[in-house]
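One chain, chain A, links the two complexes that follow: it is found with chain B in the first and with chain C in the second.
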Partner chain A sequence: MGKIGSDTKKYWEALKEVMDPEFPISVVDMGLIYDIEKNGDELHITMTYTAVSCACMEWIEQDIRHRLLQENEVQAVQINVVWDPPWTVDRLSPEGREKLKYWGVSSK
Partner chain B sequence: MNHTQREVHALTELLETIADHKYVLGDRLVEVGVSGPNIEATLAAIAMAQGELGHARLLYNWCFDLRGIRGKKAEIYGQTGKAFTSIVNVNNWITLIAALYATNLAIDIVWQSFLQANHPAVTSRIQKLIREQQDHLIYAKSWAYELRHEQGAIPSRFAQALNHTVNEVYVWLTEIEKKEELQTEGYLPMNINLANQFKEHLKEVAAESLVQMN
Partner chain C sequence: MDPSTILKEKVQNGFIVEGLEDMNEEYLQALKQTLIIVGDTELLSIPPLLTVYDQAPTLNNKITALAIMQDEIGHAHIAYRLLKDLGQNIDDLLYKREPHRWKNPYAFDFELSNWIELGVFNAFFDRAGYTLLGDAFEYTSYGPWKRALVKVDKEELFHLRNGEVIMRTAMQDPELREEVQKAVDWMFLMALEFFGVEDRLKSRSAQLEYRLKGRTNDELRQKWLSTAVPFCESIGVKVPAHYDEQQQKYVLDVPFPCKFDPVNKKWLVDQPDTWDNVIKRFKQRGPHNKQFVERIQKGAKELEQLRKDAV
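Here is the complex of A and B:
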C-alpha cells in the first residue's frame, strides 16, 4: 500500500470494496494501488497489475471508477497504470495473504 | 522529420516489431500449443499465449503514446506486418519451440541492452515485462534442449526450424545495431553487438553446431 494522506484515506477505504475478479481480495489488499491523489473534484489513481497480461484490466479499472464516482465530491477519476516498481507478492497486505492462504494459494 | 522525431520514430518501429513478434507468437501458442505433446506442455503454452498477447498489447499501446495518440486505445486486430515469417509459419510443436526460443532470446537481448542504457522513458515500462518473459525463455530453452537431444529425425527437424528463425533474428539484430538514432538518444548503449550476443547464447542449447547463420 502506498502513502495514505488524510484527504485520501476514505478513497483507500472505498477501494477496499473493489475486488480482484479472480480472487475475493480487494485491489488495495492485492497491493495494486500505488497512490491516490485528489485534485479538486478529480482523483488520480496510480496503480499496477499483477501481470502485464492481466485479462481483467478494463474490468478492474471500470470497477474502480464506478466505486469512486459514488463519492459525492468526486466528478472524475484518472487512472495511470505503471509497471515500475513491478508488482510482486511482497505487495500483498497481511489481510490479502490470509485470504490467499484460506483459498489455498501460496503468497511466498 | 527533425532530430528528436527521428529517434522516437526509430524506437517506435523497434517496439512495434517486438509487439508484432509477440502478437503472432501468442496466436501460434494457442493454435499449435493446444495440441502440445502432453497436458503440461499444452497448459503452459496457453498460459504463455496470454502472456505474449499481454506484452504485445502493452507495446502497441506504448507505440500509440509515442505517436501522440491519446485517449482510449484502438483495438488490435492483427500484427502490422513486421513479425518474422518463421513465426507466422509456425504449424507444429517443433517449429513453435524453435520460433519461441530464438525470438524470445533475441528480444531478451534487446531488453537487456535497453536496461544497460537505462533511459528513464524506457526502463520503467519494461521491468515487469522482462521478468515475465524470463519464464517463457526458460521454458522454451528447456524444450529446445530436449528437442535437440531427442532420438530419430526430431533433432534435424528442430535444427531446420531453428535455422529459419535464427537467420531472421540475425538480420533483425544487425539492423538494430545499425540504427544510430537508438544509440545517440541513449535508448541503447553505444557500439552494441546484439547479433554476437545472440550467437553466444545459442550455444547454451548446443545449437551452434546445428545452425548455419547466413
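Here is the complex of A and C:
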C-alpha cells in the first residue's frame, strides 16, 4: 500500500469494497492500489495487476470508477496502470493473505 | 440392519466417503451419475459460449470470456478425473459416447445470438452451477469431490459476476437494454429447469439419501431465485418471479413448467406443461446437441484416423 494522506483515506476505505472478480478480497488487500491522489474533484489512482495477462483489467477498472464516483465530491477518476514495481505476493495485506489461506491458495 | 441403511445413516451423521472401499454399489452408481452430469455440463458449456465470443466488445472482454472457458475445461477435468478413479473409462465417455447420451442441460444445446446472451448465460446458468456445486461443496459426503470444489466454487463466482457486469453495463444503453430483456425472457425459466423435477413429484433421491448433495431441487431453485431476482430487479430487468411475503418464498408469475418453442427460443406461457413432458423434451435434445458434441470429439477422432492411416 502506498502513502495514505488524510484527504484520501476515505477512498482507500471505499476501494476495500471493490472485490477481485474471483476471490472475495478487495483490490486494496490484494495490493493492487499503489497510490491515490486527489486533485480538485478528480482522483488519480495508480495501480497494477497481478499479471500483464490479467483477464479482468477493464472489469476491475470499471468497478473502481463506479465505486469512487459514488462519492459526491468526486467528478472524475483517472486510472494509471503501472508495472513497476511489479506485483508480488508480498503486496498482499495480512487480511488478504488470511482469506487466500482459507480458500486453499498459497501466498508464499 | 441392511448395509445400505447403515451407509446412509453414517453419511447423514457426517461420515466422509474416501474411496471405493467405503461405498456400496448404489452409492457408486449415484456418485458416478452425478459426476457425469457435472463433467458434461462443465464441458458442454463451452460450445455455446464459443458461438459469440468473437463478438466481445473489447480485447480484454474477450480474454475474460476465454479465461472462463478455460476454467470450465478445468472443472470438467476434475469431474472426469474423479470418475477415472472410480473405474470409469474416460476416453470412451468423452469420445465414443453418442451426442444424445450426454447429460448437459438442455439450455446448452443452443447457439447464442449475441454477446449479451453470453452475459446472461454467465449470470444465470453459471449461477445455477454455483448454486448446485456450492451445495455439493457444503454437504457432499464424497471427500475427494468436496476438496476439489474449493477452487470450482470461486471460479464459478467469477463467471457469474462477469455475467452481472455485462448485463448491468448493457442496461445503460437503450438498444442493448432490449437485448438483455430478450435474452432474460428465454434464459430465466431455462435456468430454473437446471434444478430438475419438483420435490413433490420425486419419490426418493439417492443423491440426498447418500448425501451427495444437501438441498432438494426446490430448495436449490429458491436459492437461485433469491439472488437472481433481486439482481435483475436492481438493474431494471423484468423477470417472471417475485418474493411472496405471505409464503416467505419466491413464486413464479407464469406456469412452470410450460411449453417451449426451441426454434424461436420462446416460452409459450399460455401452455402449461408437465415435468414428464419436460423430461421428454430434454431427452429429445436441443437443436445443436449433435454439432456441439461432435466439435468436442472432432480432434480425438481425427487423430485416431491419422494413426490408422500411418500404420
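The rule is short, and it goes like this: the second predicted complex is superposed on the first by the 108 of 108 C-alpha atoms of A that agree within 3 Å, B and C clash if a C-alpha of one lies under 4 Å from a C-alpha of the other, contacts with A are read in each partner's own complex, and residues count from 1 in each chain.
The rule is simple: a contact is a pair of C-beta atoms (placed from the backbone, for glycine too) under 8 Å apart; a residue touches a chain by one contact, two chains touch by 3 or more.
Please read these numbers as outputs of a predicted model, since none were measured by experiment.
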{"item": "Three-chain arrangement built on chain A, chain B and chain C clash or fit", "value": "fit"}
{"item": "First (chain B), second (chain C), both or neither touched by A:104", "value": "second"}
{"item": "First (chain B), second (chain C), both or neither touched by A:11", "value": "neither"}
{"item": "Contacts of A:23 with chain B and chain C, given as first, second, both or neither", "value": "second"}
{"item": "Touched partner set for A:53, first chain B, second chain C, both or neither", "value": "both"}
{"item": "Partner chain in contact with A:34 - chain B first, chain C second, else both or neither", "value": "neither"}
{"item": "Angular separation of chain B and chain C about chain A, which is computed from CA centres of the superposed model and rounded to the nearest 10 °", "value": "80"}
{"item": "Minimum C-alpha spacing, chains overlaid - chain B and chain C, in Å", "value": "5"}
{"item": "Touching both chain B and chain C, residues of chain A", "value": "53, 55"}
{"item": "Residue numbers on chain C that touch chain A, as the complex places them", "value": "58, 60-61, 63-64, 66-67, 150-151, 154-155, 157-158, 161-162, 165, 169"}
{"item": "Residue ranges of chain B touching chain A (in the complex, touch as defined)", "value": "50-55, 57-58, 123-129, 131-132"}
{"item": "Contacting residues of chain A [partner chain B, same complex]", "value": "48, 51-55, 82-87"}
{"item": "Complex interface listing, chain A residues touching chain C", "value": "21-24, 53, 55-59, 62-63, 103-104"}
